[in-house]
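By written order: A, B and C. Residues from 1 in each chain.
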C-alpha cells in the first residue's frame, strides 16, 4: 500500500522497554484499520534494549524507528512529527496502554469537526489491594480532572492539554510551531496555551481511553516538582498573562506551611537533600499510622520546597522572583472582545451570539436588570454557547433569579407542572 | 402523640389539610417536581393544618434548594427527570430473614418501579420457613437465592457475587423505594471515583412513641443537600454519618478494590450492626468517593414497640464499637481511638447525664443505657464473632 | 427624607428632585405586596437613576422579592369581590381634627364595598370633631369618659358588623387595607388580624429617629400565624411584636370570649396605654389565632417634634410595664415567668443592647424609656385604684 496513512502515532521513549512493549502490543489490537496508521517511536537517547526491541518486534502496522540524542520529550515529539506522514498526529506516551478503541475515538472526533485538538482519557491504573496515600491522591487528582472535562459546558484551559494522549491535525501542529524545546516538563501546557491563543477548539473524547501506568514514588514526585518550578518560570516569561495563575505567584497559598519552603529554597539550598531524606522517613511513618491529614500537609510542604528550588534555579534570588512577578500584570494585553448579552432574547439566542462572537468576557443582563459578568480568564478558551447555562446555574443563580423576579418573568405560574413552561 | 406523614409537592400544594384528627403533629416531606427539597414538622390543630401555616412552613423548609431546582429546570429542561446515565440499570438486592410480611410490601413497591431493565435479587439468609421462597416465586422477574451462612454481611456478599449488573443497590426488607429511587442512585455513578451512593430515608409511619424516638435517634440519611464525601472531608472513623445500609448502592468491583463486606459484622452475628458503616469507612480510606443524594429516597418502617427499639439501639451500640475495633485491629486506623473517646464522652455520657438530670431535650434513660451497654460489649463482640467465623471456616475445610 | 413607594413588577422609575432631602426611604412592593424597605442616603446628585435603583433593590431585597413571588403563587390574591366580609372601622379620637380629617379621607377612599366607619369622640373639649363628622357619610359616637380603651370598647358596642377594625386618627390606611383584612379572616380559626405600620413621612428629625433608630411601629413584611401552641413563652410575652393598635382587626365574637379592652391600662392619655398589646396577649394566651398580614398596610404620621417623641417613648415604657403587671394580675402566666422576662429579656437584651449600640437613637431617649418603665408600677396602681373606685 502506498497511500498515505491517516494517523501517525508518535511515541517518545527513554529507557522504558518493558512499558513500550506493552504499549505496542496494545496498539496492535486497535479496532482502527491498522493499514491506515503508522507508529513512529522516537528513541530519546535510550541506553537499554529499547532499540533492539523495536527492531525485533513484528508489528501488523507500519513502525518507524527514529533515534536521537537525549533531549527530552518535547524535542522527541517534534522530531517524530517531522517524520510523520499522516494527516492526523496522535501523541502517545510510552506508559499508556491503549484501549482497543482509542485511535478510533480520536479519528471519529476529528471527523465530526476538523481543526480541533482532541484530548483522550487517561485513567490511572490502580494496583489492587492497599494503596498508599500518594497513589490514592494521584489517582483522585487525575480522575477528578477528567470528570470535570466530561461535564457539558466545560471551559477548557491550557492545562487540559495532556501530552500523553492527544491528537491534532499535522498542519495545525506545524502552524503553531510544535513543542517548545526549552521546556523539560509542562511542554504540553505551553503548547496548549499557544493553541488557545490561536483560537483552536479543544475536545475531550472519553472513549479514547489509554490506561496510564504511572510509576510514581515520593522521590520522583519531588523531582517533578523541581522541574515544574523551572518550567513555570519559563511559562511566566513566555506568557506573562498566566503569571497570576501560576503557583509561584502566591507562595502562601501553595502550601499550608506558608512561606517557609520558599524562603528555605532560596536561602539554603544545600540543606535540601538531607532535610528531604529525613522528612521522607517521617512521611513513611505517617503513612503507616494512617494519619492522612498530617501526611498531606508535610508532603505539601516538601513539594513546595522543591518547587521553589526549581524557581530559585532559574531566577536566582527572592528579590529577582518578586520583580519577575511584577512583570505580569503590567503586560496584560487582553484584546479580545467583551460583549453584552440580554437573556430576554432567549437562552438559545444568547448561546448563538456567544458561538458567533467567541468573546473573552461577557456582561449578562435580563432586560433592565444587570445579572453579572463572566470575567476573562487568562489561559482559558474564549466563551462559547455551551458555557452559558452551567455558569448561570453555578455562580449567578441568585442574581439571575432575582432579575427574573423583578422583570416579571416569574409572574406566570412557575409552580405548575412543566408542560406550560415559560422559556422562549 | 402520633405524627402524620405527608408527602407534598410544591407544584400541587393543597390550600389546607384536613382529616388528621388522630394526629397531633405532621411531618411533611416537601418536593418540587418530584425532587425532595425539605421537610418540616407542623402542629395539627383540630385535625387540620391551616393554609398560611402550611405555606409558611413549606417555603421555609425548602429554602434555597427550591429556587435552585427551579432554575435548574428552567435552564436545562431535561433535568426534570434524571436522564439515563452511562449505567442504565442495576441489580436491586434485598437481604431478608424470616420477615415475609414486610418483604411482601417491599416487593410490591419494587414491582411498581419504572422498568429500566433492573434485576431484582432476593437473598434469603437462613430463613426457618419456606414462606419467603414461595413469596418470591409468586413474583415473576425476581430471583431467589438462599445463603446458608448466617449474617447480613454474608448475604450482601452473596448478592454482590450473584448480581448480573455492574451496580448493586441494597434495600432493607422493611423499606420501600420511591419511584425515582433507582434512577437517582444510578445517576451518581457517572463519576468513576464514586463507588457508593447513599440516600435519604424517611419514616413510613410515626404512630407509636418508639417510632418517634427512633426517628430522632436514627442514623439514617437526613439532610436534603447532595454531598460528596471523600477522605478529604470525612474521616473513615466517622463513616456513620455518610449513610446507612437501608439505602445504599455499590459498584460490584468494590469487592476487588477494597474487599468484601466483613462477615463478622452486622445482623445475624454477635455484633448485630455496623457492617455497612465498616464498608463505607474502608471505601473512604482507600480514597474513593461516596455520594449522599437525597433524591434517592426510600421509606422505612421503624420498629413499633419500645422493647424492639431498645434492642435495636443496643445493637447499634454494639455494632459501632465493633466496627471501630475492626478498624483499629485490621485497618490500623488510629483515629478510631480519638473518634471513639470523643463520641463516648461528648455524646453518650452527656446524653446520659442530661437524662439523669432531667434536662429538657433529654433522651429516655433506658434507651441511652441500652446503647451504652452495647458499647461496652462491642469490641468483645467483634473478637467473638471473628473467632466463631474462623471456627466455622475450619470446620468447613475439614 | 423623601418617602416613596415602588412596585417592582411595574416599571421602576428614576427618582427626581431630591434637593431638599438628605435621602430617600423607599417602600418596595411586588404586585402590591409589601416586601421591604430600602434607604438611600448621602446622595451625590439630586437624582437617582432607575438602573441604580434596581441594583440596590436587587441587592438588598432580592430574596424577599423571591419569597413574595412564591407566596403569591401559592396563595393568589383573589380578584373578585364576592367573598368580602362586612367590616366596621372604628377610629378613636380626641381633639385632633386636622389629623382626623386626613384619616377619614383615606378611609372613605378604600377599595372595598361593604364597610362602615365609626368615629368615637373621646371626651372632647369642643365641637369640631362632631362638625367634621356630620359633613361626611360616617357614624359619630361620643364617649364622655376619657380613656382610649374605653373609647374602643364603645366602638365595639356600636359596631354593626361581625368584624371590627381599629385605626388611629394619625394613621392613613392603604387602599387595600380592608381587602387584606377580609382575606386574612377567610379562615374560620382566625380571631385577630394585625398588619405593618409604615411611616407616612420623614420630614423631621424626630420622625427619622423614631422610624429608623427606634424601629418605628412596623414588624416586618413576613406574614405570620401566631398561636399559643407554636410560640414560646418569651414570644407570648413580647406581644408588642404581634402588632400595633393603629392597625388591628378582630372578630366581634372574640370579645365575648376573652373580654373587652382592659381599661386599667388607660393611663390617662390618648395614646399612652398598652391596651392593644394586652388584648393581643390575651387572645393568643387563651388559645386563639392571630394573623399578621403584610398586605394590610397602614401609614402613620409619627410625632413631628422631639418633645412629643420623648413623651411617646416614656409612655411606651410605662405602658409596657403596666401591661406586664396586668398579665401578672390576670394570671395568664406565672409571676415568676413575667419577672424573669422583665429582667432578662426586656432589660438586658432589649435595653442594654440598644445602649451599647445606639445607632440613630440617642442614649438619652433609651434611658427615658427605662424611666417610663420604672414609673409603671405607680401608674398602674393609680389607674387600678381609680377604676375600682369609679366602678
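Annotations
Assume contacts are C-beta pairs under 8 Å (C-beta built on N, C-alpha and C of every residue); 3 or more make two chains touch, one makes a residue touch a chain.
This one's a predicted model, so the numbers in the text were calculated from it and none came from an experiment.
Should one ask which of B-C and A-C has more C-beta pairs in contact, the pair is A-C. Set against the C-alpha centre of subunit B, every other chain centre is closer than that of C.
Central chain (C-alpha centroid nearest the global protein C-alpha centroid): B. Subunit A and subunit B, compared by their mean Cα positions, are separated by 40 Å. A separation of 51 Å divides the Cα centre of subunit B from that of subunit C.
Per-chain Cα centroids separate subunit A from subunit C by 64 Å. Taken residue by residue, subunit B touches two or more other chains at 10, 13, 67, whereas all remaining positions touch fewer. Shared interface positions of subunit A, i.e. residues touching 2 or more other chains, are given as 398, 401, 414-415. Chain contacts: subunit C has residues 66, 70, 74 touching two or more partner chains.
Across the complex, subunit B is touched by residues 123, 126, 128, 130-131, 136-137, 139-140, 143-144, 147, 150, 288-292, 347, 389, 392-393, 397-398, 400-401, 414-418, 421, 423 of subunit A. Residues of subunit A touching subunit C in their complex: 368-370, 398-399, 401-403, 405-406, 408, 410-411, 413-415. On the side of subunit B, the complex with subunit C involves touching residues 10, 13, 15-16, 43, 45-46, 50-53, 55-56, 59, 66-67. For subunit B in complex with subunit A, the touching residues are 10-11, 13, 32-33, 67-68, 70-77, 80, 190-193, 230-231, 256-257, 285-287, 331-335. Across the complex, subunit C meets subunit B through its residues 66-67, 70-71, 74-75, 187, 189, 223-225, 227, 229-230, 289, 291.
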